[in-house]
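Paired with chain B in one complex and with chain C in the other, chain A is shared by the two complexes that follow.
And then the complex of A and B:
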């Protein structure tokens, strides 16, 4: 097998980890609250700017900058639910999607207003490691590891804590849980905060690999939605599988053609698969 | 009823005089208002029945690029190029719409599938940069004033064309509004299963309105390209345009005939006045306020500006007719 192709595939696998983490937060919010945050990638953008400013401008160590970014985006997620979703929770689901679309415009333009359209790099160059003639970016490897750890941590939280059990229960039956004395509002707010935190975590990992600019959300947003839908909205394991399928299409497609064309292939694959399995790849 | 006709006549009369009295800059804005108003109306034809498409950038992109490419590479007149672009858009609408409606892909899922569609067209244009100029955009070959090439340096011509097209858009709206299809589509948007049980051909009704909407959007896109004489994938395709279309239609009010046009007027007036106000130093200021307004619109007045006005009028009318105490 072609060594470069293998390298592309390994890098695709690593990209899949980050995409899976991105999809995880969106899936959690959808599964529990039944809302699609179309501005999800813009929350990631906010996190990337936080890392950038704290690290480059204020000279914070990168670890603290990242932890703060996760906290800030978690608060943003909390606020998104409190200010935008909650007032229209009873309206048609598409209204909630569109309201967060307004947020997308707001965050993109506000970032442009504050930071301009410059591409900004946090200036950390992580080494490229060589394993058996394969060159792998350390940043990607780390992102993959952290994404995996984040997913496992979320799984354990949902499985083993009271709050996690309540979240899982409410995603299965909204009406009954209210009657059984679970405070829905609190669960929704906590879920939104966790969704935000996952976006913040993705932001830290992406900031190591990509320059941040106000429209970076347009790069990651659509592919994240596609992954969530492909896996079946709200289905986290499906999201994981879909993330790796999509990242392989992008990696292998990009190897044979160009990056844009690889995305065209990925989106076309998504559309075709949606028409074959409208409820996601893992649906019966 | 007669009053309405008189108002309509006065309105059209004013619109005919406009190009001869307003400065070129305002004429440019007015042309854009009608052009986008037409495209927003086309979207609302679907949107008002709850079929929220986030992929109209795909149809607009095809409608814009196909005639321009045919003109540049084969010297084919837009009189043929535009219908080809519109036909391709219809094909795409059917290819996506048929399986979607058959498999009952609705709501979030439909919105996200169409979002992917818009993205495919955008990235395709960018990827084929040798032909389309990629993200740098492209310009049509200039010929000066020509009906054959559909190029007019004077804005008056485009004003007349765009005004006529916009009026046709309104006529189509009325036709849908008064046609039998409207009841069927409303029934479908309420409850698809029940509508099917009543004997409504859900697939056919949905596909028909989708095709009309896509064709008109592509046609609007073609005129947009001919008017600006500069195409850029970001301004005619992809998620940004698709969302712009959806939001302007919502802000104006997608349930009324003039709503989308009011949305076009409102968003353009807002963007332009903020641009003049803040100057170029604050790029993004306009959209920042725009974004906040959209959130507020969707939360507090999902029927848009026109919807709100109608609500007030009905309220007012009811108070007047109420018996005096």
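And then the complex of A and C:
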């Protein structure tokens, strides 16, 4: 096989890891609370700015800047639920979409006001390493590893703890949760904070590869939603698989055509698959 | 153990319970019988906190339950086996039981309690990694009762445990209530299967259109001409 094609595929795989992490957070929130956070990618943008300011402006070591960014975006997720979703939890889904859509424009405009539209880079240049004649960016390799570790940590949490079991149970029967001694509100707040933390973790990984600017969310938002829908909204395993399918289409398509056209191919694939399997690739 | 005084409750402007008073003593098994729509399920939901009463008071072991949310009521030792079982269909049996042990006091005793529940229902142990949604009706009822027992309750509320089950399984469920009583639990059971429930309870209340119409020992209910005619077809 062509070495460059193989390299493109490896890069696609690495990109898939970060996309999978992004999709995981969005799917978790949707699966548990039944709310779509339209502004999810803007939370990622907030996390990227946090990393940038702490590291570049205040001179924090990158590790501490990243840990703080994860914590701050987790708090943001918590606040999104407390201030925006909770008051309209019983309302029609369209209202929740509009409210978090409003948050998207609010965050984009607020970031523009505070930071301007400059592209900012955290200025960390990680080396490109050579493995068996393949040139792979270390930043991408690390992002893939961390994303995978994050996904595994989430899986173990959901599988093995009481809180995790309650998070898996709640969408199956909300009313009965009280009889189990579960405070529904607390589950929603914890889930929102975890969703935020996943956005924050993605932000750290993306900050290593991309410049941050107020509209960076537009780069990842649509593809993340597409992946979630492709995997079946709320289906975390489906989203995980879909992330790697999409990233391969983008990588291989990009190799044979151009990066721009690769996205055309990816979205075409998405539209066709929605006609064939409207409830997601893993639906029965 | 549990005492209700003048409880009225309903949904919105609809009233399902009118001035209901009821007592359950420690170690007793008490039944609530009555026709469809009499308010039996509402009564259970009021006790476990899923429905807030309009008025009246509820006391469990000397402490008021009025206005306490459901997720706190279970900590007072009241577990509710809801109507239609309401298992989590896409969780395994063991995860369903784990949900039953969510409250902190129950978590500490999880392993011991799980062993006891599996001893009561060996069937559940055999199938513990299966999704609850794949169980038969009788097995689901066992799982629902097991889930409630995981919280180490003092009082078990059972809402129509025999509903939708084959006669042979109904018999098994009632035998099981006897065994649970023998373990020292207090039981409040709602049933339409009047004849059989009167065999396992000490006392019963007759609830009709939201009001207590009659109460007494199961012997006195079994001998009551009106109840025999209306509810036992005798």
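One rule holds for everything that comes next: the second predicted complex is superposed on the first by the 281 of 284 C-alpha atoms of A that agree within 3 Å, B and C clash if a C-alpha of one lies under 4 Å from a C-alpha of the other, contacts with A are read in each partner's own complex, and residues count from 1 in each chain.
Everything that follows uses one rule, which is that a contact is a pair of C-beta atoms (placed from the backbone, for glycine too) under 8 Å apart; a residue touches a chain by one contact, two chains touch by 3 or more.
These numbers come from a predicted model, not from an experiment.
By the touch criterion defined above, A:109 lies against chain B but remains apart from chain C after alignment on the C-alpha atoms of chain A. The wider contact with chain A, measured as residues touched, comes from B rather than the other of chain B and chain C. After overlaying the two complexes on the shared chain, residue contacts for A:183 are found with chain C alone; chain B is out of touch.
Of the two partner chains placed by superposition, A:237 touches none, neither chain B nor chain C. Of the two partner chains, chain C is the only one touched by A:172; chain B is not.
Of the two partner chains placed around the shared chain by superposition, neither chain B nor chain C is touched by A:128. By the document's definition of touching, neither partner reaches A:3: not chain B, not chain C.
Of the two partner chains, chain C is the only one that A:162 touches; chain B does not reach it.
Against chain B, the residues of chain A that register as touching in their complex are 36, 38, 84, 87-88, 91-95, 97-99, 101-113, 116-117, 214, 218, 221-222, 225-226, 229, 233, 257-258, 260-261, 263-264, 267-268, 270-271, 274-275, 278.
For chain C in complex with chain A, the residues that touch the partner chain are 48-50, 69-72, 74-75, 79-80, 82, 86, 88-91, 95, 98-103, 106-107, 147, 151. Those residues of chain B that touch chain A in the shared complex are 50, 52, 96, 99-100, 103-105, 107-109, 111-113, 115-117, 119-120, 123-124, 126-127, 238-240, 243, 246-247, 250, 282-288, 290-295, 297-299, 302.
Remark: chain A residues 162, 165-166, 168-169, 172-173, 175-184 touch chain C in the complex.
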